[in-house]
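Have a look at the structure below, then the notes.
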Amino acid sequence: MSELKLSPDRFFDPNPSVRKIAREIYNSVKSLPIISPHGHVDPSLFSENKPFPNPTQLFLIPDHYIYRMLYSQGLATLEELGIPDINGNVYESNPKKIWDIFASNYYLFNGTPSGVWLDYEFSQVFGIKEKLNAKNGMKIYEQLQKKINGKNFLPRTLFDKFNIQALSTTDAAFDDLRHHKKIKESGWKGKIIPCFRPDSVTDLSNSKWNESIKLLGKSVGYEISSYKKFISALEERRTFFKSMGATSTDHGVFSAYTHELTVKEAEAIYNKAFKGKTTPEDARLFTAHMLMEMARMSIDDGLTMQIHPGSFRNHNEVIFNKFGLDKGCDIPMQTEFTFNLKELLNKFGNNKNLTVIIFTLDETAYSRELAPLAGHYPAMKLGPAWWFHDSLEGMMRYRQMTTETAGFYNTVGFNDDTRAFVSIPARHDVARRVDSNFLAGLVAKHVINKSEALQIAKDLTYNLVKKAYKL
Amino acid sequence: MSELKLSPDRFFDPNPSVRKIAREIYNSVKSLPIISPHGHVDPSLFSENKPFPNPTQLFLIPDHYIYRMLYSQGLATLEELGIPDINGNVYESNPKKIWDIFASNYYLFNGTPSGVWLDYEFSQVFGIKEKLNAKNGMKIYEQLQKKINGKNFLPRTLFDKFNIQALSTTDAAFDDLRHHKKIKESGWKGKIIPCFRPDSVTDLSNSKWNESIKLLGKSVGYEISSYKKFISALEERRTFFKSMGATSTDHGVFSAYTHELTVKEAEAIYNKAFKGKTTPEDARLFTAHMLMEMARMSIDDGLTMQIHPGSFRNHNEVIFNKFGLDKGCDIPMQTEFTFNLKELLNKFGNNKNLTVIIFTLDETAYSRELAPLAGHYPAMKLGPAWWFHDSLEGMMRYRQMTTETAGFYNTVGFNDDTRAFVSIPARHDVARRVDSNFLAGLVAKHVINKSEALQIAKDLTYNLVKKAYKL
Amino acid sequence: MSELKLSPDRFFDPNPSVRKIAREIYNSVKSLPIISPHGHVDPSLFSENKPFPNPTQLFLIPDHYIYRMLYSQGLATLEELGIPDINGNVYESNPKKIWDIFASNYYLFNGTPSGVWLDYEFSQVFGIKEKLNAKNGMKIYEQLQKKINGKNFLPRTLFDKFNIQALSTTDAAFDDLRHHKKIKESGWKGKIIPCFRPDSVTDLSNSKWNESIKLLGKSVGYEISSYKKFISALEERRTFFKSMGATSTDHGVFSAYTHELTVKEAEAIYNKAFKGKTTPEDARLFTAHMLMEMARMSIDDGLTMQIHPGSFRNHNEVIFNKFGLDKGCDIPMQTEFTFNLKELLNKFGNNKNLTVIIFTLDETAYSRELAPLAGHYPAMKLGPAWWFHDSLEGMMRYRQMTTETAGFYNTVGFNDDTRAFVSIPARHDVARRVDSNFLAGLVAKHVINKSEALQIAKDLTYNLVKKAYKL
């Protein structure tokens, strides 16, 4: 048996002098409330507050970080892993069988952030005492099942226990936010806020664009038959989102290209699309134009704008055609920012009232493009190490490659960006440890002193995220 | 005099706690047999088993890592370094004169992998006690000459002494593998296997393509006058290579672009080429298509497929025109994988029976493209840090940038990829040390525990390479 | 109050064994003379040798590293920071008001090279004992003012105190070098030499090209009415610069593209430009051609050639239109070298009499393109970590990513590249510390031994720069 016991010094530099400082810095921030300004947790968890059905449904099914690893090793198909297909069919309905594959191959996660997060969740959230493996898999499954059947592991109870001060979901432009309403009406104090993500209606290359436009029309009560109505509808929806607590918008785009069209050009493209006649070039230009429009609206309504380009979505068409979106088949690509953001930053980047947070999956842009841009334009801030780079090494590279040019104060703190609710405290704990350790290194090398480091740690953990997202 | 004595702790982190763990991990793998699944050692070394003629011929002439450094400093021309030109002419035939240039400038290799490997070879293989320099150059030359004149330094003896379990050469599609045959027939037990590398016949832009096609025709006994015959010939040759022990194919390509042509399109391009009328676009498409064909054949015959794009070969035309290929003038370039591999991975990447190993000289692709792809597609694995990146820092960056997304188990162990036979144990020793040290860092930071690290070390050194190359 | 006291061990690895070696290596080089072969200090400082007017004029106004950070945080506009506009208007003329913004936000520079340099300047050059902050800002202002009013802080006195052996300015092709002359004639022994930077006349896309050509004409005494006269004028000016002590030329280009035009082609493009009819493609080709011409001239006259591509100048047009060049709005971009330098390196790169130093703002090129190129072509050398990468982490990445392929001896030592004269000793001190620390790491890991490290440190600090710039 391999004991599962987390070291209080985990992820800190093995050098005793750095470690001692890292410990002190970490201890000063570890109990600060969690702010989760960007993520994909399903709000129905909190409106319904039902027990999680079983460990497989809790840990594996919503987390493509996990099943992609099992899939990559040829250990099981997505069918065998119980992932529902695009029509909701489930080909393997025995959660224990799936858990067994996971448990037997848990060693694959050694050295990965998933391994680190899962160890935390098992140990710190569920009190499991052994590291998961082929032998103890079923025993641990039963232990977990027993816990989640009880009251102490209901979503709202965990939310409070995790000390989450605010959690943002991500929601389509036409979403009625019924779960957010229900949560508000329930009297529960947990702050679950929406985030306005209009990609499905701003991306003309989306195969369901016409469908989405109809849904947008329903949400505002009129047909979106012209570009002007489209813009009005978006403005109305932003107002609605804001009234429901939203403080930000989110834009997942193929490239970071920004470009303003004339109203006439935009109308012509919109009208073509409305008749189902979009070209790829139309879609490219319209997305670039809509980023400009969204920045303009953000200056009006104060919503913080987030842009994250550079993911080739649904790279594996075999999986996409059967299982749909978000199945671990999104692959990063080379991403250009200096040219692409120029038009947006030239028009809006000098405006102190705007906050545009830029994310990247292409780490080469950190020191080359993003830190220099964020280190100059008042409106632009750097999002944290994102997705594949939300990891021990990834976050370290992020600080090493951005701090010297952008400083700490043109960044915005940590985002967990997760669909896996119980991983939230694990992820924030890792981020706090990595930042504490990075700062400890600077102190030990006499780049900054300890009192400076303690202040920066607090800012990175809590103050910067509050400020950037106006929370 | 500067003593040449290798520290048992070399290349380990100076932190005592990390170093102690690294030492323990390294000690557990240092004596495992060497598997060298990809390299360029001349098989005639072992079929003929003659003594190496002199130290210059042994260390310098076959190793462009070494003479490129001397050339870059303007210390000598390739003529003065005794490199044979394209017609076999040698302009400097005094090996001692060449050795003197090398010895007098040995300090140039400080901080480079060549320096580290040479120190190992001199010290561990040849028992040299002093670091090479201008003063002791001739003395050491004589010491080396004496050794290689003796029986203990014949190629086969060294092969056994190096504890090499299998060594793969790299061979043209039309090669008759006479040396491999001769080795088999000799009764010597050393496992020297071929690898099928058809670049000279699949790359239509190769100036000697027509010549190569004729050689391919000779090797199968019929003229390769059509695309269909071309495909058949390749299939036959793969079968022959497999019968001679090959377990893999190797594809050195300009870009990683993959794309399937229709048979009609492929035939049209082939026919044009056969008449000597290839365009660059033809060549680009045909190479992309042949990668698809090679993957299809690999699913049929089980040969592991290796793709290594991204080298601008023969960048220095002055050198190329006089001295030909592989003279240290190949320069890496930006390399794209996400788009380029899509067609191959969509068609074949979900197939568990295929293994495609991808190499890169563009390290930016590690975390951005390659680890995400290998972390998803069952058929794809990541080749090790390659060529210029087969080095202390290069291998460390490789683990730091790939492990968190792809894990350890979507990688395939170490390749030495060398032309310099006696450098093999030196190179494997460095790889084992770097991996041991990387794992020790994870243990010291409590990311994994020591028993996990010991298992991973064994897998990285021995098990993964055996599995990936079916050895 | 926070004490400002620099640790003698600053920037060294916290590991005691590495730190001890780093200290020894650093102590062996810390007092070597400073050679500053590339920078932007105004030569009038030394010809006039007047006291600096006030701390704001000394530290803030000439240093866009500093005011860009304040601007990026939306703390003040450039107007409010006293930056003169394009017509010389100054909107805030109270230096104390500006200093107060700077002092109150000094914490923004924590973790940045500016922070590290400023601490050095305040402490080591001006004897300030407290770290700058909102409270002590005015007190420190007065302390600084008092010092710079005195004789000990005149430019020439500081130059001697800084132990600068040679300092190169950067000067337009048509500059009359009157300040350099005046310095020479003054009898003062300080070596201030010019560097020939002809960008304003070789870049046809420069909006003031025709104006610049007229100035070039004035400088040689004839109208530059043809391409041939243009070439002659440049040759004459190079001769003049050389007679004034120049040993190098400098070429800031958008891309590294090199390509030789026929004389006819070059003439046609020149004639069009002369009539004010340049196209972007003309400009691109002409710049590429002029790099070839400059290399040719360098072989003739022996001036070392510097090329630094990859900066998107004046990215923020709002700032550029009002304040002009060099206001912290230059943003790096992806930069390609393998293809772009091929023509230049094929034609001139094998020539031992040429030295071409290449700089990059795109760090991805270090290991992928630049180290392999510099590790092969005799004429090519690698410039040091540049601009945003002239920093603790940036210089460490530079050594880590270039040394293994190019070695130490295909690099050229440190450049401060600064406009801020008093930051020179601070910057060189950081570079010496980072290199000493990097070498100490190699010693502690037994990659090289200590006597080798001591020699390399001396070469990196002093010998290589002397050799590369022929000083």
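Note that the chains take the letters A, B and C in the order they are written out, and that residue 1 is the start of every chain.
The criterion applied here is as follows: a residue touches a chain if its C-beta (ideal position, glycine included) is under 8 Å from a C-beta of that chain, and two chains touch if they have at least 3 such contacts.
Because the structure is a prediction, the values reported are computed rather than measured.
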Interface residue overlap between copies chain A and chain B, same or different (over half shared): different
Copies chain B and chain C - rotation angle from C-alpha fit, nearest 5 degrees: 120
Centre-to-centre distance between chain B and chain A (centres being mean Cα positions), rounded to whole Å: 40
Touching two or more other chains - residues of chain A: 13, 15, 364
Chain C - residues contacting chain B, complex: 13, 15, 17-18, 336, 338-339, 342, 345-346, 349-350, 352, 364, 367-369, 371-378, 380, 400-401, 403-410, 441-442, 444-449, 451-452, 455-456
Of chain A, residues touching chain B in the complex: 2, 6-7, 9-15, 68-69, 71-74, 107-113, 115-116, 312, 315-319, 328-334, 361-364, 388-389, 391-394, 397
